[in-house]
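Both of the next two complexes hold chain A, though its partner changes from chain B to chain C.
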Partner chain A sequence: MERLDNRLGFFSAVPLGLILLLSFLAPLVVVALFSIMPQKVFSLANMPDFSAYSVFFAQGYYRSLLWALGMAFAASLVLFVLCWPLAYGMAKVFGRFSLVLTIAVVMSLFVSENIRLFGWVLTLMKGGLFEGYIRAWTGTGFESPLYNTGIIIFGLVYVYFPFMLFPLAQGISMVPDDTRQAAADLGATRWQILRHVDLPLAAPGIVVGTLLTFVLGAGALAESKILGGQAVIVIADDIETAFTFGQNWPLGSALSMILILIIGGLALFGVNRVDLDAIMGRKR
Partner chain B sequence: MDAQNILRLRNVVKDFGTFRALHGIELDIKEGEFFTIVGPSGSGKSTLIRLLVGMEELSEGEIWLRDKRIDQTPANQRPTCMVFQSLALFPHMTVGQNIEFPLKLRKEAPAARRKRALELLDLLRLPQNYYDKRISQCSGGERQRVALARALAFDPEILFFDEPLSALDYRLRKTLEKELKDLHARTGKTFVYITHSLEEAMVMSDRIAIMKEGRFEQIAVADVIYGSPVSRFVAEFMGEVNLFEVTGTPRGAPEGPGLESRLDGKAAGAGLMLAHGEAGTIMVRPEYVRFLPAGQSTDFMVRGTLVGQYALGSRIQYEVETAEGQVLTVEKLREDRFAGAEGAAVVLGFEAEHAHMIRGA
Partner chain C sequence: MQPSRSTRIALLIYGIVTIVVLYLPLISVGFASISQARYLSFPIKRYSTKWYAEALQSDTVRDLLTTSLKVAVIVTVISVAAAFFGALAFARYHWKFRTLFQKLILLPIFFPQTVLGLALLMWFNAVGVIPTWKTAVVAHLVWIAPIATLIVAIRAYSFDPALEEAARDMGAGTLTILREITLPLLMPGLVSAGLFAFLLSWGNFPLSLFTTGADSTLPEWLYAKMVSGYSPLVPTLGVMSVVGSFLVIMVAFTVTWLVRAMRESRTAMD
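Moving on to the complex of A and B:
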């Protein structure tokens, strides 16, 4: 009986499973195939020549990739340091107040990312909410902090905040209180407890949070465009340009493939090292 | 100031908001002693041990370790250590890393740490190859030993135990109780143990403190607590017991409903005398109560009906209901089993020297 149920379950999952598989895989396959086509063709019926990949190095696209990865890395690092105390509070200290905090953070996701970023532009631009009022009151203005790499990282931190906070809080909640107490009892200082107990035991949450923010940050476009005013070009920007203005699908595809491979590799590496079942609350 | 006392508590009070968990605890624990604090849940024993290791701050009073006052010292600077009820082993470390943890914190050399860890594995009768095992590969009893080894690696002045055996099955608990007592003898350390199980306390301890509602009811060696409890609470907590409420006669002999006494002046010798009209409770343990054959008599006698019998392994337990509706318990070894059938009228008897007077109502 149970086996029949299992089989029926499997069969009823097949149609949707196929659609999902197709809709996830098909674009990937198309992109992969286009990336090996000669430059500026719009058909897959050409001899593969990998020229788009050589352009990646020859025309310096690797610089935008490094910018994207570097800023995503910096944002993940800032997010980790920023979110740890808050996540700790949510998991161990705040109690019912955590729910209020969760709702507040989730609410920010209800508004489109672009609109929120434009909000920051209006706030921070010269003559905007911030500088405008200060100048009106004090008579002296200052340069806008917009349009540099710092503000792009700020934008990434701001937008991807929930993606670090919640996995981290989940990870910290998995650290048993008594192991922390036992470590203290055995003579560990706060820092030693953090290093030897909290960080290793919260590792699944740390890995998930860091991966999410890094992966999303590396492919992010709006922050560098809207807040950064294209002070630096990130790889996602190059990809968009290649597909649109450049009319060079193979180049766009090759750049995408490189980003996908790097991020995919990192994700696999990270996920393999932690027990994801633990954080999903599943017993092994 | 007694030099022999390693730990001294003076008027220790702990309040949680308006609730007073500990009411002015006074306690002296001797160097090298196995001291057990027993009490039902909610008696304050866990609060007390958390105060002693520094996980909780006391509201009033002083804690002295030898000649140092430690009540304001944080847990990580106290030279004491606790084995947790949950054991609180570090799941991400191997057995060896767990044991070496306190040594690593003190920045001891890896070779010295390893040597000490292997010695401790030996002391706790764990095979040397457990050094590289994961905690998840160890059984409950093995984890218990690893937790002990880790605490001993810390080399504490006093080792505290917070009901570490309560989660284990009966047989393993019995084995580990004896091992703990043996370990206590071999290490010569002071052990302070908390449990709700009087059996555990009796097997291991030098002295036992019975705790009730944030106060000590009685602190004494096991035999005294078992044989001469100071209160009904202690008497009932320390196993099966028969209690008779009595008052003093004009001559000072105890007298109560349903209890026939033929003391013939032995009451004074057995410490059972009461002032005229003074209330007390006579206690006798089930193993000292006998079924009297017709014609025999003892110092105290009770009449009743046999209402039940239960096999407890090596012993048989009988329940006898008196005319007053009180149910008494009698225990006999299997070889001395009583032949009577249920519903039979029986006479129970016990001698004055086996009875104990709990004074006060």
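Moving on to the complex of A and C:
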């Protein structure tokens, strides 16, 4: 049986494995090779000189990396606080309403994120849905909150909301009710139950949710472009510019490599700490 | 330990507010799409459907819609096929490199999509492929096929391997088992994976951005217009894209419901 399982497993992995080998791993190798080429070349047939990496420090690209990481971190924190009560409700309180909420949140994912962000521009801009009606009713408007760091973090929170909510809800549903009951019977306060029962037992969901939102937020581009109006340049923006206007593939590749290493390291760290089979509902 | 009544009500209100905030921007887009003025400003003074008429007549819009549709359909078919086998390797069979395979599938999902698109652009350049909508299919697959696999895998985890073993003991070959036992059992997962694959591809722009070459998909065109300045067609096409997704969801639900109803009436007759 074991040998058969081995053979069947291998053969069923082939189609997807080939897709990822040819269109995920191979391009990554190309990026890595381009990143060590001399600047502004378009072919790999050059002597590598690693000059693109020195530019990262010399020309201040590390600043846009720090901005991206900082805003992603802030967004993950806000999301954790916002989603925890709701995830708790979905896992333990809502009953039928959980399904309604799940469907509503999943459906919103199917709308292109640029359309949803553009909708926020229309809602928040001067003469937009909020300001326009308030001015029409009260006579005084207000300055638009668009085009600054705060609104970019808001955009990240809005777009990546489902990626925190669902893992958290899954994590909280793994906390046995008996354990919470026992803690309460022994005289634990609500705060103590949260600290010593809920948070540790829901940890896999917390790890997955926080990592997902942080990693996706760090590489995000549309939020800062559409809502932020270039108030802050993030690393994904620099990468895009290097490839398009800059026509400097090695620089773009080097910046990509730095982002990939940070994100890939975090993702592997998280994936290694979580038992996938348990989270996804293994029966055996 | 049930929470108090007031906590339950507060949580419920919080949930409803969340749904409203999630969909609020779409309401703005909806209003903007039926405003007559070229430069949008709320409150809207005059409503008109002229931007829809203009969009429906435009050749550009037709090209955008066909390209998006072509890409989404092909991505769906390939993703579902790869996800069927991928999910078995992910969840069902206990083979040597299973955990490695699981990690390989998760990595692209974590990956920044714009960077992935650019990496593919360099890869296509290195192997001498000129980007068209076909290369965008490849780009979408890298991200969507793993997601489809995860969805089918959730279903594959919940099925009892004893069913397959019983069939094998009674002399069924691997292909017969796959066709007669595994495929029907995974069917609900495959349907939702197909739905996800289509909708995620239909709405995706970061992966298309650098990989479509001279062709353009609808979300990609919208993004270009949004970044470069306002066009009254942006909200209109945005609404059309959303309506497209919802039509697909409605069709999928109706078909699933019909199939189930037919099956029930057949078993009732037997």
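Here are a few things to note about the model shown:
Just so we're on the same page, the second predicted complex is superposed on the first by the 268 of 284 C-alpha atoms of A that agree within 3 Å, B and C clash if a C-alpha of one lies under 4 Å from a C-alpha of the other, contacts with A are read in each partner's own complex, and residues count from 1 in each chain.
Convention: contacts are C-beta pairs under 8 Å (C-beta built on N, C-alpha and C of every residue); 3 or more make two chains touch, one makes a residue touch a chain.
As the structure is a computational prediction, the values presented were derived from the model and not from experiment.
By the touch criterion defined above, A:Met47 lies against neither chain B nor chain C after alignment on the C-alpha atoms of chain A. By the touch criterion defined above, A:Asp5 reaches chain C but does not reach chain B. Once the two structures are overlaid, the count of chain A residues touched is higher for C than for its counterpart among chain B and chain C. Residue contacts after overlaying the shared chain place A:Phe24 against chain C, while chain B stays out of touching range. Legend: residue contacts after superposition of the two complexes on their common chain; A:Leu221 is shown touching chain C, with no touch to chain B. In the superposition on chain A, A:His196 makes contact with chain B only, while chain C stays out of contact range. By the touch criterion defined above, A:Ser108 lies against chain C but remains apart from chain B after alignment on the C-alpha atoms of chain A.
The intersection of chain A residues touching chain B with those touching chain C, taken from the two complexes, comprises 181, 184. Contact residues of chain A toward chain C in the complex are 1-2, 5-17, 19-20, 23-24, 26-28, 30-31, 34, 42, 44, 85-86, 88-90, 92-94, 97, 101, 104-105, 107-123, 127-129, 131-133, 136, 158, 161, 177, 180-181, 184, 211-212, 215-216, 218-222, 225-226, 236, 239-240, 243, 249, 252-253, 256, 259-260, 263-264, 267-268, 271-272, 276-277, 280-284. By the touch rule above, chain C contacts chain A in their complex via residues 1, 3, 7-8, 11-12, 14-15, 18-19, 21-29, 31-32, 40-43, 78, 81-83, 85-86, 88-89, 91, 93-98, 101-108, 110-116, 118-123, 125-126, 138-139, 141-142, 145-146, 149-150, 153-154, 157-158, 160-161, 165, 174, 199-200, 202-206, 210, 219, 222-223, 226-227, 234-235, 238, 241-242, 245-246, 249.
Listed in rising order, the residues of chain A touching chain B in the complex are 176, 178-179, 181-189, 192, 196-197, 200-201, 203.
Within the complex formed with chain A, the residues of chain B that make contact are 53-55, 74-77, 80-82, 84, 86, 88-92, 101-102, 105-106, 150-151, 154.
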